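After this come two complexes, each holding subunit A, first together with subunit B and then together with subunit C.
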Partner chain A sequence: MSLPSLVPLIGIADVVIGLSLGSRLFLIAVGLSLIFGVLGVLNFAHGGFYMLGAYVTLAVVTSVVDNFWLAAVAGALAVGVVGAVIEFAAIRRLYDRVDADLDQLIVTFGFVLVIHETVRFVWGSGSYSIDPPDVFNFSVSLGGSTFSAYRLVVIGLAVAVLASLWLFITRTYFGSLVRGTSSDREMAAMLGVDVPRLYTGVFFLGSVLAGLGGALSSPLQSTSPALGDQVIIDAFIVVVIGGLGSMSGAFVGAMLIGMMQSLGPQFISAGSIAIPFLAMVIVLLIRPEGLFGGIGE
Partner chain B sequence: MSATDTGGRVRAFGAAVADGWTPERFGLLAAIGLVLLAFGPTFQVYLFTDFLVVALFALGFNLLYGYTGLLSFGHGMFYAGGAYGLAIVLRDLSPVVADVVGAGIAPVATFVVGGIVGLALVVAVAVPVGWLSVRLEEIYFALITLAFGMLGYSLIIQDPAGLTNGTDGVIVLLGSVDLGAASVRLGGRQVYYALTVVTVLATTYGVWRVVNSPFGTVCKAIRESPDRASALGIDVRHHRWMTFIVSAVVVGIAGVLRAGLASVASPGLTHWSTSAIAVIATVIGGATYFSGPIVGAFVFLYIRWAISRFPTLEAYWELFFGALLIAVVLFFKQGAVGGLLLLRDRLLGDGDAGGGDSGGGSEAADSGDGAATDGGRAADDAITDGGTGAATDGGPTAGAPGDDSRPHRGDDS
Partner chain C sequence: MVSLNSDVGNKSNRTGDVETNSETRSSVDRRRFLQAAGAGATVALAGCSGGGGDGGPVTLGATYILSGFASLYGEEAERGIEFAQSEINDNGGIDGRDVEVVVRDTEASADTAIQQIRSLVQEDDVDGLFGLDSSGVAQAVAPQVAQLQMPFMITHAATPFVTSPEGEHEDSVGNGYVFRDSNSLAQDIYGAARTAEELDATEWATIGPDYAFGYETWDYFQAFCDGLGVEAEFTAEQFPALATSDYTPFISSILDADPDAVLTPLWGADLTTFIGQAEDAGWFDQIDHTLFSVGMGTDYPSEGSPLPEGEYASTRYDPFVPDTETNNSFREAYYEEYGSLPTYNAEGAYRALHLYKQAIESAGSTEADAIVEEFTGMEHSGPVGDYELSETNQATVASVWGTVTYDEEWESNVLDPVDRYDAGPDVLSEALGDSDLPTGI
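Our next item is the complex of A and B:
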């Protein structure tokens, strides 16, 4: 690692790849953060939801309709339904317990195992990959380096998701109910908010986001049953660094980790995979509420 | 409760069976069983040794979860700490130890030195990691231990110090003890089984002494209500830190045994999915009972083995445990031990379900693994647990009306 060799290594491609990795992380982490911010549930199965979104999209593209975007929507909605059912059937029973947090973590971990094995049962242990939609299936050359044009699409979509979520939370009636319930559940209930229904709705939305993340990322990764376990840990890092419950925090945290994954190995040869975990430990100790706190910020 | 004719007969039968079965007799029976098992089929000896190691792992984990209410998702790092300590000493220091004690008993001496080094490593990690982690609670504690565990995983994989041999791990060769006339292979199934039984029993007894000491009582008070314990003048954070260290050492001992059993110390031991095994075993067994993690480990390994008998199902055993985990947390938080206690009370016709009195008895036999001394403890915990009302089964609630003093009675230690 000599100094002169550093500068030319940071190509535009590395930055674009870092941002697209960050966008992928954002799409999974934002739903996790939303669910934690409103329901107080840390959903261990969120990585499984993401993986399920990718699998359903692949299945729809290959055997139902040969349109990636329709398939992605189908994948996201299917995962949303799975999430809503899990919230309704299992997680809902735990809200009033003394040690609700840990019981919810353990139950959602149980769903990690169930989803993992179900996916393996239906689609087998092999890995699948898919081409980006034809319109974006070409390479871009910029500053002497090349990358898939679809990466730019994913970055754009992540920004669009952040913007529409922000508008949804701050500008709509449902968004105000979500914010109110998130800051004071009892008061919201007393004012006539149907809290259980709202919780199911938010869990549905968070799950849709996870499924959408998996669907949109499927051209960038190989989809295998191990995918869920890999991304959930990255998502935990992102939401902790950004602040559990914060959506803009999830965005910044995701971009940080994405850039770290893309550029890190070129700077520090040893220990680069340890750095995100070290960052997570430090943030938890110094600022447990994350670098950016609060829902809707 | 309607005492039908059949129910009466079942109870009479249960009482007749239980009659005269003192804890001492159960202890003797368990000891004979343990000795006999050494002469069973090799695979069964291996499976039981595996069970003992996982049971100790879960027992150590549950010191923290069941007794202070902190859920760690990073205890794999201490499992690996013990394993790597042993493996690295065996690899690098065998000749040195052999020079000191002579070639004959060198393998045993190296094993002991390796175990001590492993535990020293575990303590060296657990003291600062625990000190930092106990500043957080609940989800945040789970997250920081997860992060520490994965930090350890990353370091072992990347191996900056050149000690851990990256993703391949370190091979563990236990060697043979040469006693002149006879040569004993330390890694032989029966020898290693005996070594494991003795170590696990001794450690379990030690843990039992700890949880029944004044220290353990304070821990349970913290689990029931950290705020109330704090108001009583207990330094909650300090107690959690000390429990963290003891818990890490117990897991480290299990890690040393794991390395010898698996003949390798591999990075996977620090991965969060290994830490999750302790969570699964403990929750399934019943976290509020001393014997919960032990019974849970038994259920985990033997059901997995039973599933593996059916080739079509074998690949999907995790599905079963995922579903079981969900069902236990949702509907029966006392887990397998709570279920066994309930069954015992039904059989003995003890209408006061959940309120064990004399201890010992059939529950200890059900754990069947040498933890025969924990009956009294488990019965006490059943009472405490009933008091918190966390469960949905009929046991604690059935006895509740007009019986307010019961939940507070259980502290005899």
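Our next item is the complex of A and C:
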């Protein structure tokens, strides 16, 4: 780590970049948090889902249809299907085990490696990047700083996803089933809720959100097999800070970490990557349950 | 394929042939006789015969990054190897023996590189080693090579500490078995400081990878600027981790500091990612000059963001300079074969095979110590020009910096105009002034 650099000069671009990084993190962390909140599964493979979403989007936009939005939807849905299959074929079998938590962790970590190596096999180990959709492929100059207009789109979409999820969980019948099952699985089952199918549905939704995060982020980053490993650590930090199982916590935590990632380099020239970890340690010491808690909050 | 042996190289080879042939032949004859006798005895005992021995190929082991963010470097090195191999084998091989090369992937990891090198020596029984793309990896490998007592010709990794004798500096790991045919970071950055001397820029910043190479580049640049009396202030520095997928926070931080010029040693896919994101952030409109110290290594074959025209870049080898028959014919034949200009990593690997050929033919042996003895102080000539291996086993090649310009004829960026700075031991020593950094040459 180097000595602190100059007096920090925070521009509008730094804030926009921070919020867009936070938005990207929110999309992955909220799915992670949703799956944990309802199923109690800490899904290590979520970073792999995010990476897969980016790859499928890249593949579709370059080889199938030259439309970023369609490709992003395809990326998100493809990852949703992969997630649902994994839940149905593997994770479902572990819910009733004595050491279910540990087994789930190991199995989902196994899928991290499977997804990573599959991506390497199909797309190679190099990195890819694509331009933002044409209509947003321009730079915005504001207050002396410049940033990609597409970043504003990502921020807007993250807010829209938060609002939609909140409405979905609190105002729909399926949402009430999710909340009920999350509170008491046995009681929900006794009342006639098809819990296994609901679990698969929630895992599908969480996976779609991770895939969407990867898809929407693909024009803002280089996509390589290492992408999932990088982002899952940040996502875990987000849910620990925000509170496991909390959507609003995931949003606030993601924006905090995004801002730290954006402004960190202003304060130290190397090692700013450690700042979110420090924040996590502080939150764990002061408020172990995170800043927020409970599904739907 | 066109034969590309250099004029000077041919002369020295021819001279060497005259001087050493009788000695070589007689030793080979003795060895062949003993071998034949031994083989006969083996046949008599076991009823079967095997090949190999000195009549078999010369086997060299190479280690490059063949996967991950910098795999393009390994791919380029493989081209250089393939090119040199056909050229040598089509023209009589090494003392009549074909040359074979076993190429292994280091995955840019020191641990993997060490494993591969041990395996090449102990399992593949190679006669010599070459390669390496990363300074961090080279730093870890150098002591292992000495332990294995096997010559290693580095063709890309640039840290000066591997050609700085152990004890000269706390990081020095140079030893008698490690050589380098490409230019070192010190030679390269000396050229950067000479370029800075000519530019209308006083405030300088850097953005480099968060490991030895990034920090060493910045340390040497500051030391050379001080030593050469360049009027420069060093106002900002950023060192993102290797394989960062989003450089925008670091880019934004540099832009906020608003320097006149930036020196960046980012490389591989990291550089491609950086350039695309820097363009989006208005970097090249705001920063007057950006100096890319490693950019040309992947620019020719890359499909990603090319280096922006009008900025400055260095190269360890330029396909147009020196304007010699050797370089021109190498460039033409390489382009015909692969459809892109030869990068410095291809040329460095290409030359490593020729250096082994010269050393083995001159020594008349593939024994490691005999090759090491030949390498020490050896004079050679290749596409890069004439040079020798210095007292510390570093090639006295020039530092080459120029302006990035798109060339229609080659459908590629080239350096034009381009400057070659002599970067021998005395020049570097004087330019480093009072700094305690080693010249590595």
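Worth a mention:
Quick note on the criterion: the second predicted complex is superposed on the first by the 283 of 297 C-alpha atoms of A that agree within 3 Å, B and C clash if a C-alpha of one lies under 4 Å from a C-alpha of the other, contacts with A are read in each partner's own complex, and residues count from 1 in each chain.
In this text, contacts are C-beta pairs under 8 Å (C-beta built on N, C-alpha and C of every residue); 3 or more make two chains touch, one makes a residue touch a chain.
A quick note: this is a predicted structure, and the numbers were derived from the prediction, not measured.
Once the two complexes are laid over each other on the shared chain, residue contacts for A:S129 go to subunit C alone; subunit B is not touched. Once the two complexes are overlaid on the shared chain, A:I286 sits clear of subunit B and of subunit C alike. Of the two partner chains, subunit B and subunit C are each touched by A:I273.
According to the touch criterion, the shared surface of subunit A, contacted by subunit B in one complex and subunit C in the other, consists of residues 120, 270-273.
Against subunit A, the residues of subunit C that register as touching in their complex are 67-69, 71-72, 210, 235-241, 243, 245-246, 248-250, 252-253, 255-257, 269, 272-273, 276, 280-282, 285-286, 304.
Across the interface of their complex, subunit A is touched by residues 69, 71, 132, 135-136, 138-140, 142-144, 146-148, 150-151, 154-155, 157-158, 160, 272-273, 276, 279, 283, 315-316, 318-319, 321-326, 329-330, 333, 388, 390 of subunit B. Residue ranges of subunit A in contact with subunit B, taken from their complex: 42, 90, 93-94, 97-99, 101-103, 105-107, 109-114, 116-118, 120-121, 229, 233, 236-237, 240, 244, 270-274, 277-278, 280-281, 284-285, 288. Of all residues in subunit A, only 2, 5-6, 8-11, 13-14, 17-18, 21, 120, 124-127, 129, 139, 141, 145-148, 220-224, 226-227, 230, 261-266, 269-273 touch subunit C in the complex they form.
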